[in-house]
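Dropping a structure here in structure tokens format, bear with me for questions.
Chains here go by letter, A, B and C, matching the order in which they are written, and residues are numbered from 1 within each.
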């Protein structure tokens, strides 16, 4: 069997909130815990950005999954209890409008009649990311990768879907996910391009040292129609001072 | 002997009620391919050998290391996982068909829901969730834990059901996998607390009694789970349970 | 949680039990008794008289033989219908236990026909038509080659069905759990099959 190093964890993920008390400890049960910036949408597990920073220590993913789940569960219950209206009170037209929007998105993909094959695009994207945005990173290669992703996004619009089935259509759902992958690939690539230091699994031979003075902060990317917008947030080190990692 | 191409023959069916058809594909040979990477190659160039453009074949896969069971299909007349079926070891053309004992979704994808329903009915889990610390779990001797490990490798892939004569589209038989899981959870020191509940479920409709002793299951299981030993062991456990209920206790 | 209906389980175990006791035990007795034919007409006729002179004979015949046989046989048809012996077993169809699964069902159906035929020509003739069934009658009856052929098939089916049934019982009731025990039981059942077949056919050819 062919053995190849592959991704087994995504550091970074959806931004989530938490509530800390005066001493910096988390307030269990707070509806803010694990809530994303979309009100009422909670995230726990590998999807959230919390806990691991620039590198996840071995075997700690399941730990954070459990911990995140233990916080998110009560948070969701308390959030729901605190609501003035339940979803029954939301007019049906809201759901209907969303259904229309999703069906429209599906139809748009079904109508793609260009020349590109989505599975080929996906393979090329993987190759670009593996070659340029793995652990060892150079700014020129990161820039080249972003240019390549932009070119993929252009080609995505010229996909030939060739499967208009409304039942078990993997080509359409794959193509839909592929667009999200492209968006996310840009976030990872541009975030890495900006961070001129080395930290965790982000290693730039041109900037080999960890630079806490400038970069002890979390990268926050916000979706905009013209690509990700970056901001930075401080890392909460009120309870634990960072140390050099020596293994 | 240098192969240049790999020929695949795939049974296609657009949906549960559509007619089945065969399509043949030829893809460039690369060393060390598996059936999934061959299928991936097909969908990157979805043209039959006759040069006719077709929809990308639909299949399921997830872990790619034979632990999730999603990619089970019939490969050259044998039911197994596509991800661990190495092209270099297969006769050409590689003939791919969906499993026959489960409702077809599309092409090579079937719906294994009946297996998950069976696990639910069999109470195939150990309820330890709670709001307080239960303390350290009981100790398990090495023999039991070795046996438990071998039973725990089940990935609900469906191979054992596919080859079982007692599994038909209309039968309610739960199949060897779920029977074996009852054994697993009933041998766990904490799981034992619900042993009665599981045995009752196992003796319910489509339960243990519907096994017809054909013993195909054990030969089809890719995880080499001793299924026929599990079935006999549950036969023994139910016998003991019934006698105990009849004659006191 | 509602208790699931377990009657199917009990019915299936009853079917299994009936195969050994009383049906299997009767089969052994039937072979043993008829083996007096190998000792000549007098020995055989004495055995028949002993049988006919047994107390509670009708009750035993109905309660221990025909009743259980009818139950086992008819429920056996339902069991057969519940599976698909000729399904595509994906390459495993020729394995011994799958063949045995198929044979258990085919021999069961043949037995249903054969036993009816056998009972019609022996017990029914005696009870309802006043035929005196003794050595001479049986020897006359077995004389044509086709009759012998039918009985050879019937005897082989009964012996295989019973012998492999013993394996099934051991498996189903959990007497043999380890793969090794099951393997030994498989061999043992084949030995039972061979031995009983030999005896059965020997008896058949003893009626001269």
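What to note about this one:
Following the convention adopted for this analysis, a residue touches a chain if its C-beta (ideal position, glycine included) is under 8 Å from a C-beta of that chain, and two chains touch if they have at least 3 such contacts.
Only a predicted model underlies this, so the values are computations on that prediction, with no experimental measurement involved.
When chain centres are defined as mean Cα coordinates, A lies farthest from chain C. The innermost chain, defined by the distance from its C-alpha mean to the mean of all protein C-alpha atoms, is B.
In whole angstrom, the spacing between the mean C-alpha positions of chain A and chain B is 32.
One simple way to say how far apart two chains are is to compare their mean CA positions; for chain B and chain C this gives 37 Å. One inter-chain figure worth recording: chain A and chain C are separated by 69 Å, centre to centre, where each centre is the mean of the chain's CA atoms. On the side of chain B, the complex with chain C involves touching residues 74, 77-79, 100-101, 121, 162-163, 165-166, 168, 171, 197, 200-201, 203-205, 207-216, 219-220, 226, 228-229, 231-240, 242.
Interface residues of chain B, counted against chain A in their complex, comprise 14-15, 32, 34, 40, 43-46, 53, 55-56, 58, 84, 86, 105-106, 109.
Residue ranges of chain C in contact with chain B, taken from their complex: 1, 3-6, 8-10, 12-13, 79, 82-85, 87-92, 95, 97-98, 100-102, 104, 167-168, 171-179, 182.
The residues of chain A lying in touch with chain B in their complex are 1-2, 117, 119-120, 123, 162-163, 165, 167-171.
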